[in-house]
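By written order: A, B, C, D and E. Residues from 1 in each chain.
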Amino acid sequence: MSTLIDRRKVVDWLGIAPFMIFAVMFLILPTLYLVTGAFFTPDGQFTFKNVADLAHPSILSAYWISIKVSVASSIGGAVIGFFLAWAITLGGLPSWIRSGLLTFSGVASNFAGVPLAFAFIATLGRTGLVTVLLRDIFGFNLYSTGFNLLSFFGLTITYMFFQIPLMVLILTPALDGMKKEWREASEILGASNWQYWRMVALPILWPSVMGTTLLLFANAFGAIATAYALTGASLNIVPILLYAQIRGDVLHNPNLGYALALGMIVITGASNVLYIWLRSRAERWQK
Amino acid sequence: MSFLTLSNIQKSFGPVQVVKDFNMTIDKGEFVSFLGPSGCGKTTILRMIAGFEAPSGGSITIGGKSQTNLKPNQRNIGMVFQAYALFPNMNVADNVAFGLKVAGKPAAEIEARVKEMLGLIKLDHLAERYPYQMSGGQQQRVALARALAPKPQVLLLDEPLSALDAKIRVSLREEIRMIQQQLGITTVFVTHDQEEALSISDRIVVMNAGRADQIGTPFEIYNKPATRFVASFVGTLNLIEAKVVDTAANRISIGDQGITLREPLGAVKAGDTVSLALRPEAGSIAEGAKGDTALTGTVIASNFLGSVIRTRMKVGDAVISFDMFNGPGLVPPAVGETVTLRFTASDLLIIRE
Amino acid sequence: MSFLTLSNIQKSFGPVQVVKDFNMTIDKGEFVSFLGPSGCGKTTILRMIAGFEAPSGGSITIGGKSQTNLKPNQRNIGMVFQAYALFPNMNVADNVAFGLKVAGKPAAEIEARVKEMLGLIKLDHLAERYPYQMSGGQQQRVALARALAPKPQVLLLDEPLSALDAKIRVSLREEIRMIQQQLGITTVFVTHDQEEALSISDRIVVMNAGRADQIGTPFEIYNKPATRFVASFVGTLNLIEAKVVDTAANRISIGDQGITLREPLGAVKAGDTVSLALRPEAGSIAEGAKGDTALTGTVIASNFLGSVIRTRMKVGDAVISFDMFNGPGLVPPAVGETVTLRFTASDLLIIRE
Amino acid sequence: EPSAELIAAAKGEGKLTTIALPHSWCGYGDVITGFKAKYPEIQINELNPDAGSGDEIEAIKANKGNTGDQAPDVIDVGLSFGPSAKTEGLIQPYKVSTWDSIPDSAKDAEGYWYGDYYGVLSFLVNKDLVKESPKDWADLQKADYANAVALAGDPRSANQAVQGVFAAGLATNGGDVSKAGEAGLKFFKELNDKGNFVPVVGKAAPFAQGSTPIIVAWDYNALSWGESLNGNPPFEVVVPASGVVAGVYVQAISAFAPHPNAAKLWMEYLYSDEGQLLWLKGYCHPIRFNDLAKAGKIPQELLDKLPPAAAYEKALFPTLEEQSANKAVISGQWDSVVGANVQ
Amino acid sequence: MKTNRLLAWIALAIGVIYFVVPLLGTFEFSLRMRRGEYSFDAYQSVFSDMQFRETFGYSMMMALLTIIFGMLLIVPTAYWVRLRLPQIRPVIEFITLLPLVIPAIVIVFGYLRLYNSSSWLPLTNSTSGTNALLMLSYVTLALPYMYRAVDTAMRAIDVATLTEAAESLGAKWPTIMFRCIFPNVMSGVLSGAFITFAIVMGEFTMAALLNRPAFGPYLQLVGANKAYEPSALAIIAFAITWISMGLLQLVSRFSKTAPRKA
């Protein structure tokens, strides 16, 4: 009998073998192959220097800015994306808007890099469409308010262009799962709309919202092309440093680059662990 | 004293009118059931009382106060849904406390009331459980407690038992009735299970296609159905086609057996066909059974239903079912056997339309 | 001739043994119901027959062939699930055709068989519908047709009706029974609704905590319950505590009223307490009711259940319910009235344990 | 002229893989077309035209042992990458037949790498937005040029940008090469504090769009971008009056080149008169410029399109040591000194 | 309810402004190629470029292959994890997050080391091998989105019971997978496909370093050297991708695979 159970266990694991083989071959091994470079000098000596170098103030500050931009854009994206997802699921809008926005989100969630940066420069840059229109028509000088597209804030709202759609895409199914009866039950018990959202809807959606926000965080944390194209010479964030070390024609210390990559993986891993822990708390009420 | 009044209520969804000129008054503390087939408008009326739908016409008052401009959360009504609709993120105690918290009641009062409610539904020991950890019947009891906790003026129940299985349904409906009587709360109960409606209601509204076909006590509904629809919807009914033999003498025949009816036949003539209704429990084939009328036929099936054995016999072209109580000594009639069913002529109702 | 045999079946999940040494043989064409409270192991046995779970011990044979090493898709067993489990992406015809297509049957044969099956469940006109476009009852009929289409050796039904409401449940169970008899297919039906089990089974297995308490015809189960559990689970039962007055004379007393039992009292002595069971339908308070025994008590409640009126009366400390058929002329006893219930002494069963 | 054996061997290989050669850079488009026309049997496989020097080196490293289409045969990298690649054993020696006419200061004695072309840093000016073009580095600090000045890359990773900072430093500290790095950073810090510096990477699109009205770039890039706009907007390329810094790129053959003979033939073509003049057509000064000029092989119309020759006479060619010292300062301290206003 | 709808319209309006204005800015600029007037010159220039059509076509092909292969890998995996290995889910979720943070260049350099022409699996030796490697790299990049989309869709159906129903009718696992599971998670497959499609159309690093003629590198090249065409290209790419998704959705609606109510 025990062989029977064992056989079933083996079969269970065999079922995810294709995925695991794929992940090992095309994700994990290639990464390890290089990222272990974090522990070597260019001529192949084992060292902790690269990892120790991460403690350099400019690198620490790069991590810190990266984390801040990622947190800001993931939370901003999550909040606005949430409202949009709400609008197309529970807001009583015509159904063509829903499918239109969903496919649009598919495209926009990957509209990044040079074209995106350029789009924002062409819109909100010093000579951008909106900036110029505001100035010429309303006599309003956007930049005299302290606004600057090439800044932390600018980068955050630019990132949100792909963060929001990602949120919409992933959260829509969760909102679809909200039962009408929950709202009615809370209404008939005297709850206001706000009480319903605070006490019922948000707690129920919380695990999905958190999970998606984590995804957005990682998404922003690893995004390089947009940041580079937007604030090329000015922004000190990890992916740019990393690329400068691996690809630049000046700095060029790939091993330090791999240490930077390792740091990013560790941070993502940590945020994932945090998420799993938070979720297990938030999901006490689930099977 | 009329407490909940529905006057000339209409409701249309687009071009379709699903509730048609509905009138009813319900007394304080009364337990009224809405009984009717699927789609007849029961839920719609309930939802209008709750305020989830606005009537297309007519008015609803509770305790003399028009509800027209009140939102659901201003009506102080309790509601229990078919699919429980417990908040999955809250445990039992929090679910029950919800309406009180929302009303800003002090913590001590909430705690006491929740305790009282859990006692009422006998689930004190499960206060910490989450909905997914409970059976359907337990969940439905919690839903009831949740609806009752804020002391609503009216309790609405929309097929609260239909997702449960038979055994639990019976015990829970008795519990609901008991609690309702204990609290004296005016209750509207929607169901399409006739036994359920009959067993717990003060009055029943039998609905048919957006209208009330009959409003009355269970006894009236069951024994004096106002329409053919009510007669056939409530209870199991034999519908028998009979031939008029003699209008003056109230004589008809079923197969070749003549019967004298109590009810006057009315405007028909000899040779016409009339529809008669007979409930399966109205007659008996026991020796010495009382009854001024008899029909003899051949048994074609005999079905054991537990406490009751239902036998079908053929009389001419008509098939007539009759029930007898089961007992250890009882031998159900065998298929092919000839039996004589005795009943009172007044049990035979003439169905007109 | 035994067709499906379960020998010494055991099943444990981790440390918990949920099926304990279960033995049963089922004949070809027989309709057997498994009846029992939630969690007693009914589904588990069914799933072992289907091959979804491997028994921890014992063997299952069908038509003499051991099923131990066969996967579910090799057993040729039809199954109907509580939640229908129709394939949402296929229309009715495709759902029914699924098992035949999978078996590689020629298109013409599939078409013919699907047509036949849809005729059987009377849904020919809905062949093009998708599951979400149909009511629960219709979906369940399609699930039945789908399970029957490949002509399985055995049909398994796991509470196929419990998600449906009362009215549909009754009509569908009759349909299932009819189809089963028409096709002569060996069927195992799981339910925890006793009326359901009683009304359609050739034999019933009453399960209790992983064991079969009794296996027998509905009549046997209902009228000769082997254990106290079976007695109380099947039907509504009055359990009455009585005091032994005279062992030799088989005399006991309920309240202050003496009764002579038919069944020998056995190893008890005067002054002991014994439990007696009496079904509500066994007695009558009608004048001239037959019966060698009588109990007189005070009515405390009278409940209208449609065809039946259930009255509760108090005899000493015991509360005894009894049913009478409803009829237009019938006036149910009023609360407080004193009535005498007559029944046959052999209806009083002694419950030992 | 390449030997017949080399040509035969190269044709035998049938393919050449290049990397980081944008067609608008230095006339590479024409160079590639010319090579193809001359040796139609050899297919040219162009890898990532937009790559930087670091990418080129990494591509060699990553493709050790790979003879697939991903492995570059030849590279064209910033001066400092020549010696370092040699040390790491990533390139192999080859001396073209015109070897002797390449100035000694611009080649590795053993033939591992050799300078190919140079340009000087210049200002590309959008005439729609900037009426008065800056004439020298110091002018860039004027209030007129608020939000106007951009580099053509990130000084932490792009040679072109590093040299821009270096040149600015050189101009403002009176020509002290050894301190030019610090001076350059100071210059840009000031520029940034005044709000004249635009931290967008300058190139054709932002130039046309208007967000980078003045770009500090190699003259050949400035000219090529400007030309490509067809007068929309009109542009001017200004070589500053002081701090004229020349940048030399070097050619080399990968040590792991899958097609070594085709690579050698490619070098022969690049260093032939024909190849050199094609670079010049792309506004670059080929390394044999003086040699060709002396021999009177340069058509006048090519010279006319370049900034006046006088501008180049003052050009400073920093040595390798000077370059790497300043580079370390500029790249290393850019973040902390100029820092950007990103918080 | 009415205030709800109003709020929804407001949210939508804000979203639309936020999303449309930058695209408008890009569009407006793309029209400015001719001095002093708006024209479609930049578009003409893009469309007349052979390379545009070639690279766009190539990337479309790759996108479709990626979607097909990716779904064949992910749907069964998500299914299996739900059915048999729910405890492994956090691990899978973490793995599928990795591609977001591991820089593409790190991954692709790894590929060049592991699967070069002299390795045990010389994928880069041939064009088809390299194409396959590129496609697999796209699957890797799409993993985070595909997995989540499919897993969410699977939550909505009772995977276990459907499987048992199919098994009891004699179905073997390919039938279960392709006739009973796939069609019912089509909504998830589709939304995963949308994102994948967009990823592949824009991806630069993998294609550039594996040296395949994809649209991403072309976009980058044009962006680096031209002024007006990049904007025109961005608009064109955005529009074509969006239209393709719309078509994909229409096709799937009319094919009878997913007749679920909205």
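The rule is simple: a contact is a pair of C-beta atoms (placed from the backbone, for glycine too) under 8 Å apart; a residue touches a chain by one contact, two chains touch by 3 or more.
Keep in mind it's a predicted model, so treat the numbers as computed, not measured.
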item: If a chain touches chain B and chain E alike, it appears here; value: A, C
item: Two chains joined by the most C-beta pairs in contact, as defined above; value: A-E
item: Chain centre separation (chain D, chain E; CA means) in Å; value: 37
item: Between chain A and chain B, centroid-to-centroid distance (C-alpha), Å; value: 56
item: Averaged-CA centre spacing for the pair chain E and chain A, given as whole angstrom; value: 17
item: Computed distance of Cα centres, chain D from chain C, in Å; value: 89
item: Shared interface positions of chain A, touching two or more other chains; value: 118, 122, 128, 243, 246-247
item: Residue numbers of chain D (touch at least two other chains); value: 51, 58, 205, 209
item: Partner chain E, residues of chain C touching it in the complex; value: 50-52, 71-79, 81, 83, 85-90, 98-99, 102-103, 130, 132, 146-147, 150, 156
item: Chain A residues touching chain D - in the complex, by the definition given at the top; value: 42, 57-58, 61, 65, 118, 121-122, 125-128, 148, 150-152, 155, 228-236, 240-241, 243-244, 246-252, 254
item: Of chain A, residues touching chain B in the complex; value: 179, 181-182, 184-192, 195, 199-200, 203-204, 284-287
item: Partner chain A, residues of chain D touching it in the complex; value: 51-55, 57-58, 61, 77-78, 81, 88, 129, 147, 151, 153-159, 161-162, 198-201, 205-206, 209-211, 327, 331, 334-336, 339-343
item: Chain E to chain A touching residues, read off their complex; value: 1, 4-5, 7-9, 11-12, 14-15, 18-19, 21-26, 28-29, 73-74, 76-77, 80-81, 84-85, 88, 90, 92-95, 97-103, 105-111, 113-114, 136-137, 139-140, 143-145, 148-149, 152-153, 155-156, 187-188, 191, 194-195, 197-199, 201-202, 204, 219-220, 223, 230-231, 233-234, 237-238, 241-242, 245-246, 249, 262
